[in-house]
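In what follows, chain A forms one complex with chain B and a second complex with chain C.
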Partner chain A sequence: MQEKYTKKYKLWFLLPSLIIIGIFIYYALFATFYYSLFNWRDFSKYKSFIGIENYKYLFRDISFIKAIKNTFILLLFAVVFQIGIALVLALIVDTLRRGYKFFRTIYLFPVIISGSAIGLLFYLMYSYDYGLLNSLLSLLGKEKVLWITPKTALWAVLIPVIWQYVGFYFVIILSALYQIPQSIHDAAKIDGFSEFKKAFYISIPLIWDVLAVCISLVIIGTFKVFDVVYVITGGGPMDASQVLGTYLYTVAFTGQNQGYASAIGTVIIFLGIILSLIAQIITKRERIIYQA
Partner chain B sequence: MRKLYSLLKYTLLILWGLTTLFPIYWVMINSFKPTSEILLNPLSFPTSFHIENYLQLSNYGNINFLKGFKNSAIISFSTTLLVLFLGSLASYAIARLNFKRANLINSFLVGAQLVPAFSIVIPALIVFKTVRLSGSYLSLILLQTACFLPFSILTITSFMKSIPVELEEAAYIDGASVLQTFLKIILPTSIPALVTAGIFVFLWSYNDLFMSLILLPLREKQPICVLLSLVSSAYGTNYGAMMAALFVTIIPVVVIYTFLQEYIVRGLMSGAGIR
Partner chain C sequence: MSFSKPKFRTLLLVIAVLLLLSTFMSFAQSTVKLRVVTYFTGEDPFSPAWKEAMALFKQKYPNVEIIDEAVPTANDAIRTKVKTDFATDNEPDVMFFFTGADAVPLLKTGKVYAWDEEIEKDKKWSDNFNKAALKFTTYKGDIKEYNGKIYALPTIGFYEGLFVNKDLFEKYNLALPTEWSKFTKAISILKSKNIIPIAGSILESYYLIETFVLSAGGPEGHDTPFHPSWETGLNYIRQVYKLGAFPKDALTIKDDQARELFYTKKAGMMVNGSWCVGGLKDKENTVIMPLPVVPGGKAHPTDIIGGFGSGWYVSKKANAEKKGLPVEFVKFMTSPEIVAKFVSIAGVPAVKVNLTGLSPAAKSGFDMMAKARAICMPIDAQIVPEAFTKIRLGLSYVVTGERSAKDLLKEAKEIHERAQK
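Take a look at the complex of A and B:
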């Protein structure tokens, strides 16, 4: 009796959420793909069907190619440095008896701060006259440096983007390290393993599945980068620091070409999904479950 | 040797810590200096505390940070409440669904989490235009709700599944309706999960730039992050004011972080990382 009575309620409880997600995520995703097949500008009422012309144009669009290239550079550096630095920090903290909470607290600071604040912070640090970096240089008696040029702009945005999320991966990796049973550590000690040897032969192999998850998260995160780049350089100068997100924004809202922007939006989600699938296949290994 | 090694370890950890703390400290001390002093001594502690930079924030051209805070509060609190309200109802239903359907809905939610805002904003703008909501707070609240609901439902559901069914059955036997059971038993028991989800939704909403920038073109309604993104070009060389703007923007986040850190860490580990 109870079952039948509650079934009706369940549907009504579920429906509002499903409708909102259905419209704004799934319908919108399909609509983006649909719009990408049209020549459509200035949010006009009229659009004309052009098939895959927008996608063909992507290959000839120098700015888009630059944005793709930059996104992949960012992705590569993010995988190596975000996870690399986080792993080193976590391995060190794992060997400490105290101080875990202290380091966690300060490393997570940038993670919770908005991308626009981080962006403005670095904008101020890079600035020529009064920036933090040039002040430090003057303190050391060196000449001031112009930090954002077409050659350096990509690095100027890459560093904050990578730096911001190291703390997040640090927390994830450290909690995986803490799950390795004490008996394994004890065994390593008896066998006379140094801390380095233990890290490479025991800790890292044992948390491999978590590192694989981190790589997928980095990939998904990289394709969502926007705020920091938008505030520091806006993608410039001359597309030097353009990434997919900022380029889509520029095309859709400065260039007012919504059809073409939709094609870019479609490419972003496809690349993100395909790459994280590839990463999952490459890093796939048995999940380790410890028994008590 | 052993001591040296230990010293090296702490040095590395503290060096990274300095990269996260020092910039914020630098912004804080400079926000209390007049611009001329920032230019002369960007690294030193202020000679005397000036609050002029902060006083400018409520009125600098058409950028009003007080109004920005008000807008942010309206948007972020509404989004959080709406997400928790809809999310907890949906989670209850999913937690008590049979396995097959729950799996289907689970894939629906996990899939939705993968979609970046870039791939949905243009159609969202058209939807809002059709229902005449363009440029309203409600449009942004609805879009953010859609983006943040999947994570919240997944978090709350996994918690609700751990609530023993016997608890509800007891309530039914005492004559409570489904709604009463939900409000008086399930919701109060689920508070830890609601808090975790609520904090993240609030932070994401408060920190969002992309969606706010696109859905709210009128300066009057823009939240604080959008105003902050304008500052670097609009304030020209008024570095003191930029520092102050930056500092006030991160204060609410730092306060939430200080008091609710444990929840935040727990949420991050359950996959609430990248937004």
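Take a look at the complex of A and C:
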């Protein structure tokens, strides 16, 4: 009887968040798909049904194709470098007996800065006329460099995007590493494992499920990248740094075509789900339970 | 503590009397709220005049509280704000917003107040309006309710042209760029002197596109969506870009940064609009003139882009509910005294005002507008925003030779036609 009541209360407590998520996430998702089937502009009350026309146009839209390509490049680099750097840093900090709190705080810090602020920071660094990098070059008596060009723009935005979230994954991985019982490390030490071998054969396999979650988070996060890129380059020049998030914004708010923007939004959601599922399948391994 | 019945009744009576009194008091001092949306934010050059105008209105109508919902034009924030407000039945009581293509979705809702009746009724006020200015805000189209009606009242007009730092031209013995050959010569000389010839942004190339297309196609070509002269105009921008006329970072620089290059004399020329006059640091040595006609161009040398691209709108519903206060507010804002305050900063007036103490820069802008044979509204008032955005953002492909102007315009035309379906 008591259990029945407890279950009832649990459901009541879960209900408000379910309603909020239902309205602001799931309803919004379905509404986005619904609007993508319409010619809807200027946030008008009037829209006309056009079926899959918006989706057909995606294949002819050079900017969208570039945005997809750039998002995938960003994704690849984010997975490799955000998780790679975070893993290396966490493995090193995990070996420290003192001072690890200092590194944890330092590396986590960029995560708490807003994307717009980071974007502005890098925008001011890259600026041709009064940017930090060119000021340093001028001090050294060198010629000013045009940092953002069609060839370099994507790399220019990749750096802050990666830098921003390394700390986030670093903390997650470090927390997972702390869960590994000391006795396993001690056993490895007795067996004469080097730090490198210990990382590869003990630490990484033992935290593999956490790394898999991190990969899924990176994939989802990359499809949401907007603020940093928008502030630094706005997706330009010549769509060189255009990503799906910035292109959606341009179509919806500058182009005032909300129907087509909804189609882009639907593609973002769809790709995010598909790729996360693929990542989960690829990274699926038997879970290792720590036993001291 | 306990109350006896009579005591309790007395207490209730006292509370009721107090409540009644406070209600009367609040009615006596009641303020009427007026929600006003403009783009006169802190960064807008007209912001000081707007604040002063609001203060003067409050002096005249102390019971009116103005809820100032100013939204910047940057990133099209005001477009999104106004259009979503109208779509969600949350339209402001009064707003100062773009006219032309941007007005159409608002008029479709049927919520916009038409001014014709008031203009007829109050001749003393309406006679101040320049009749030609009112034509810019008279709707002509398929929405029957508004066809031939004045849906917004213009106050500040604008022009676009070539701003020239005259002192730099004098320093390097250059003739003012009244002709194409003088223009290209100035580009090459200024470049050789390490002066940026044209402070222009390819990223935010609104004014470059409009002025070059007008120069190439004349008013007829400019005002005909996707006329062949549009391609010529874009190709001339490319030609000027190839001459190295723009800043090195023209593909990424924003318009306000480009303006700063001109203001600080790092650049010799700038293609921009009358709103820049307020920001000029040297108003004595700045000349504003039409962009010279490109070789083979159809424009008359005095043809310019300009007009009245914004106006005061009133909500039909709010005006009825607030007993004409929104209309009164706009009449106050369009009075010659108030308009003079705005125009003293920049722009040209839509009403008859006495302008004194104009700077040489502002005067040259006025002269340019007064002498204009034709004044054309910008391209973005003629085609759907998405198509214009495609042209604007695609210009970087054209100037760098990655894509032809013809191809870009073909895609933009497709977008425009798709939107009309």
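Couple of notes before you dig in:
We take it that the second predicted complex is superposed on the first by the 259 of 292 C-alpha atoms of A that agree within 3 Å, B and C clash if a C-alpha of one lies under 4 Å from a C-alpha of the other, contacts with A are read in each partner's own complex, and residues count from 1 in each chain.
Definition applied: a contact is a pair of C-beta atoms (placed from the backbone, for glycine too) under 8 Å apart; a residue touches a chain by one contact, two chains touch by 3 or more.
The shown structure was predicted, so the numbers you read here are calculated from the model rather than taken from an experiment.
Within the superposed three-chain model, A:R285 lies out of touch with both chain B and chain C [touch as defined at top]. Once the two complexes are laid over each other on the shared chain, residue contacts for A:W163 go to chain B alone; chain C is not touched.
Of the two partner chains, neither chain B nor chain C is touched by A:K151. Contact with chain C, but none with chain B, is seen for A:P237 once the two complexes are overlaid on the shared chain. Contact with chain C, but none with chain B, is seen for A:K45 once the two complexes are overlaid on the shared chain. Once the two complexes are overlaid on the shared chain, A:G115 sits against chain B while remaining clear of chain C. Applying the stated contact rule after C-alpha superposition, one finds that A:R97 touches neither chain B nor chain C. Partner contacting the larger number of chain A residues, of chain B and chain C: B.
Within chain A, the residues touched by chain B in the first complex and by chain C in the second are 43, 127, 129, 253.
Per the touch definition, chain B reaches chain A in the complex via residues 9, 12-13, 16-17, 19-21, 23-24, 26-27, 38-39, 42-43, 86-87, 89-90, 92-94, 96-97, 105, 108-109, 112, 114-127, 129, 142-143, 145-147, 149-150, 153, 169, 172, 178-179, 182, 203, 206-210, 213-214, 225-226, 228-229, 231-232, 237, 239, 242-243, 245-246, 249-250, 253-254, 256-257, 261, 264-265, 268-269, 273-275.
Of all the residues in chain A, the ones that touch chain C in their complex are 39, 41-46, 48, 50, 53, 57, 62-63, 127-129, 144, 146, 148-150, 153, 233-234, 236-239, 250-251, 253-257, 260. Per the touch definition, chain C reaches chain A in the complex via residues 75-76, 79-80, 83-84, 86-87, 104-105, 108-109, 202-203, 247-249, 251-253, 257, 261, 384-386, 389-390, 393, 396-397, 400, 402, 411, 418-419, 421.
Listing the residues of chain A that touch chain B in their complex gives 2, 5-6, 9-11, 13-14, 16-18, 20-21, 23-29, 31-32, 35, 43, 85, 88-89, 92-93, 95-96, 99, 103-117, 119-121, 123-125, 127, 129-132, 135-136, 139, 163, 165-168, 171-172, 175, 217, 220-221, 223-224, 226-227, 230-231, 244-245, 248-249, 252-253, 258, 261-262, 264-266, 268-269, 272-273, 276.
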